[in-house]
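All chains are identified by letter, namely A, B, C and D, in their written order; residue positions are counted from 1 within each chain.
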Amino acid sequence: MEVKGSPICLPSKGYQVEAQESPAVVGFVPVQDLLNLARVNALWPLTFGIACCAIEMMAAGVARFDWDRFGIIPRGTPRQADVMVVAGTIPHKLVSTIKTLYDQMPAPKYVIAMGNCAISGGPFSYDGQYAIVNGADKIIPVDVYIPGCPPRPEALLQGFIKIQTKYTKGIIDANRRAEKAARRAKK
Amino acid sequence: MLTAGQKKLLVELKSSLAEAVPEGQISESDYAKKGYHLEVRLDKGGLRRVAQTMLDKRFMLETVTAVDFIDSFELVYLYATYYHQYCRVLTRIRIAKDAQPYSVSAIYPAAIWLEREVYDFFGIRFQEHPDLKRIINPDDADYFPLLKNFGKTKFTDQIDDILC
Amino acid sequence: MLNIKTIDDATINQRVYQLNLGPQHPSTHGVMHLLLTLDGEVVVKIEPIIGYSHRGHEKMAENRIYEQYLPNPARMDYLSGMIFNHGYCMAVEKLCGIEVPRRAEYIRVITSELNRIASHFIGTMDYAMGLGAITPFLWGWDDRENILDLLEMISGSRLTYSYGRFGGVRNDITKEFYDGTRKFIDRLRSRFWDYENLINQNVIFIKRSKEVGVISKEDALAFGVTGPTLRGSGVKYDVRKNEPYSAYPEFKFEIPTRKEGDCLARYQVRMAELEQSVNIIEQALDHLPPGPVRAKVPRFVTPPEGDCYVTFESARGAAGFYIVSDGTRVPYRIKVRAPSFSNLFVLTKICPGHFLADIVAIFGSIDVTVPEIDR
Amino acid sequence: MNITQLPYIKDIYGFLGSDVMSGLVGLLIIAALVPLNVAALVLVERKVAGHIQLRPGPMEVGPHGILQTLIDAVKLLGKEMVTPGLTDKPLYWLSPIIVVAPAFVGFIPLPFSPLVQIKDVNVGFLLIFSFSSIGVISILMGGWASNNKYSLIGAVRSVAQNVAYEIPLLLSVMPIVMMTNTFKLGEIAQAQSGLWFIFYQPIAAIIFFIATTAETNRAPFDLVEGESELVSGFHTEYTGMRFSLFFLAEYTNMVIAAALFTTFFLGGWYGPVLPGAVWFFAKTYFLLFVVMWMRWTYPRIRFDQLMNFAWKVLIPIALVNLFITAIVLKVL
């Protein structure tokens, strides 16, 4: 599939978005790259911590590991958030809340699954478990997984950097690969 | 190594509990090994009478919990005090699986939530409880998790030697 | 504070609307859902809805042997993880009658008090952030990072510790930890002056906290409130002093209490407890006895049949483990007495009549951890 | 008095020197100055907040994080404009536009320096105060239209707060008007060549400063978008560029408030060595730093305390101050 720079308001991988999208400037690559660059250098996470990983997320925002250096301001409302950091175990009672929050976030939105519980249920997943969902990717599409229980704040910052590279260099590499494949197919 | 104050309190407690709950066996237990001074074992009822005497003696209701012994439940009420000498009283009552004990929430408001949690995990319905509904599990859950025949426990399959 | 009793029910039902201080809200310290029934901005009824971070700790206990359950206590109340971890070890030791060497008891006291300071920093500074002052939150966490470095030095993790073992602790404390704690104590004592100026004498902070959310002694007794929330109402109950366990009888420290019982009193009790914990650590470091750090204990502990209840002072109140064992390696039932569970329920009694902004203040001043309530 | 009124200007520039053209050029300058000013202010606020909280603030974007706010603006441009269902569409769309308009108008009468002033409107600061009350209407519209209980509470609070603090604001400026018996900001600034008015009217200065902080929903009075209670107040449901328009309006109002304080009390453009405009901007930006400094040290006032403070404390003091000034002026 020929990836020509994702359109401005890319809903994450086919998850239908609540409202219609604004007109997109598609294809004019330099503007698209600038927007991608701007979009990842001002990632505003949603203050949504569930359990122990939330404390490490807050520790990432504090003086020592300060995430404000990367232009990250935690926002209370999903309407103004770009990144949803799922930090902690996801019990069944919380599933509908997470889905609603994810839908309320405007497009280009990303999800970080922080901690083993958000990746695969972590220390609480065994076959007799009745209370939790084994991993955030069973509910919403996840972009970056950060292992650890709880992961250190530096690991969370590296998760944010992983998103930054994925949505700038990652797209450029994808374009290059697509062009090379197209050229090889023509030969 | 009970202090003098505790001995006096225990004697007082035994007498007031004896006349409040004549049919209950009141026995003193070793605090070092068990963690509580007095154990009141009831079988028919009398939870509210014990609770009332405890409140008069300015005790606090620490926890209400249940233990599922396959054929019957055992309700455990723990009272502790901090006003005079510290002392802890454990009230134990064996009830049948479908019994409906009386709730002590009229005496101790803390019991409203504690009994709701016991109902939520064991399915024991308390009579005269202000609003007995699930507190922790999702409201539409149809299972009572802490029962021994639910999920993976010693009685559902052989798990005595898990070493992994 | 508006007196709700004067408005009769008929008029209230028309003007009332429900507001969800929902599972996701900047100041609910996790996923706590407070269903408020508001008349304008005055709260008529409040119903905390919990269970949004329930992970089934007690069910897990029934299919794990005692040693496998060690990581769980720290994940219940992760702000005082070390205290819960040592509490669980104490419960099993009491059940099996294991004798813990004095040096291990001292190390347990030092690490628990360090963890209590770290937890009180979060409790007080989250309360200040609930009132809108964000800078103290960051200052408090800055100090907390030093403690986390110390505890990470010996236990390897920052938040969810599995440092205790049945019969003592995993490994001895190192020279770095010893000097690091000394340095930390001096630095912390100099920092109290900063907090004194930034918040304790801040006029707006005092006006927002005085006479807000008063808990009377009778309510505290009826609702089973314990910990700094109870000591704010003038009751001198601290498990470390009233029911001495571990090595606490050997240290001299007093229990700070206040009489008013409002948010300011609870805040001041927590700040005063910081100093007490620092004194305890200092005394423990001065008289640290030599000797082994773990008693001789079989690899898998098999406690005799029977039950036992052990209580200990976590940063939020009198927590406890009620273990019923049937003589095998797997516990029959473990019930955790969560202090936040009863502390939270007091809200339903004291909140009606306050403003919306006060609810956030009262909820912050009670300082609960959500996974500890939901277990 | 501005540059176009100088006698020789007209014959040099002829058509360009006329009032209409100077007004147009002035508006163009404002249109350029305001967004840049806001971008700088947001960056300065995050840096000041960082350093107060022992952390460096934005560092990655551009040298020392200079371009951070521009990148934020570009990102907000690229965000999806979510219009939540059940919202009152026309009001929802109109509210961010109306909130920005008065913010721009406020720059016209400001006397940056003797020669640099767009139009020395003879109603002077009344123009600014009346337009700033339009901003409140738009906040109410935004809060009501976004069909969210938090934003409704925030909007209703903002109306009550602005009404309560409009009165002490005007009462604290009246003594200045009595002393200089003119509304024109240019002349007020000129009258302060000798001693600055802050020494004549210290109480009025304090009341003015408190009232403007409350008027712009800043620092201890930011109940309108108190994060910890109302998630984020009236702009909870706004995304992307609409949210940044609210942000733009808030910071521009802050700049106008600080500029007014310098004109009334700190002697406008008077300063020993440097040219007028530099002094004006230096004083304004220092005041803005004080406002930011207050924001990151003080908690938030509760709503009823806010109202009591305005009606029971500020207004009486302002009236007494006005009364004393009248007597003193009569006697002298």
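Here is the rule we use: a contact is a pair of C-beta atoms (placed from the backbone, for glycine too) under 8 Å apart; a residue touches a chain by one contact, two chains touch by 3 or more.
Every value quoted in this text rests on a predicted model; they were computed, and no experiment measured them.
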If a chain touches subunit A and subunit B alike, it appears here: C
Innermost chain, taking as reference the mean of every protein Cα atom displayed: C
Chain located farthest away, centre of subunit D as origin (C-alpha): B
Distance between chain centroids, defined by C-alpha means - subunit A, subunit D (Å): 37
Approximate Å spacing (C-alpha centroids) for the pair subunit B, subunit C: 24
Subunit C and subunit D: spacing of chain centres that average the CA atoms, whole Å: 44
Whole-Å gap separating subunit A and subunit C, where each centre is the average of the chain's CA atoms: 33
Sequence positions of subunit C contacting 2 or more other chains: 25-26, 51, 54, 56, 59, 63, 138, 142, 374
Residues of subunit B whose C-beta touches two or more other chains: 137-138, 145, 151-153
In subunit A, residues with contacts to at least two other chains: 62-64, 76, 91, 93, 126, 128-131
Which pairs of chains touch, using the document's own definition: A-B, A-C, A-D, B-C, C-D
Subunit C-touching residues of subunit B, taken from the complex the two chains share: 32-36, 55, 58, 60-63, 65, 67-68, 76, 78, 80, 82, 86, 88, 90, 108-110, 112-114, 117, 121, 134-138, 145-146, 148, 151-154, 159-163
Contact footprint of subunit A on subunit B as seen in their complex: 137-138, 141, 143, 145, 150-153, 156
Complex interface listing, subunit C residues touching subunit D: 17, 19, 25-27, 41, 128-135, 138-139, 142, 198, 202, 204-205, 207-208, 355-358, 360
Residues of subunit D touching subunit C in the complex: 49, 52-55, 149-150, 153, 220, 222-223, 226-229, 231, 296-305
Subunit C residues touching subunit B - in the complex, by the definition given at the top: 50-51, 54, 56, 58-59, 62-65, 68, 94, 97, 221-224, 226, 235-237, 242-243, 300, 306-311, 318, 320, 322, 324, 328-330, 332-333, 335, 337, 341-342, 345, 349, 374-375
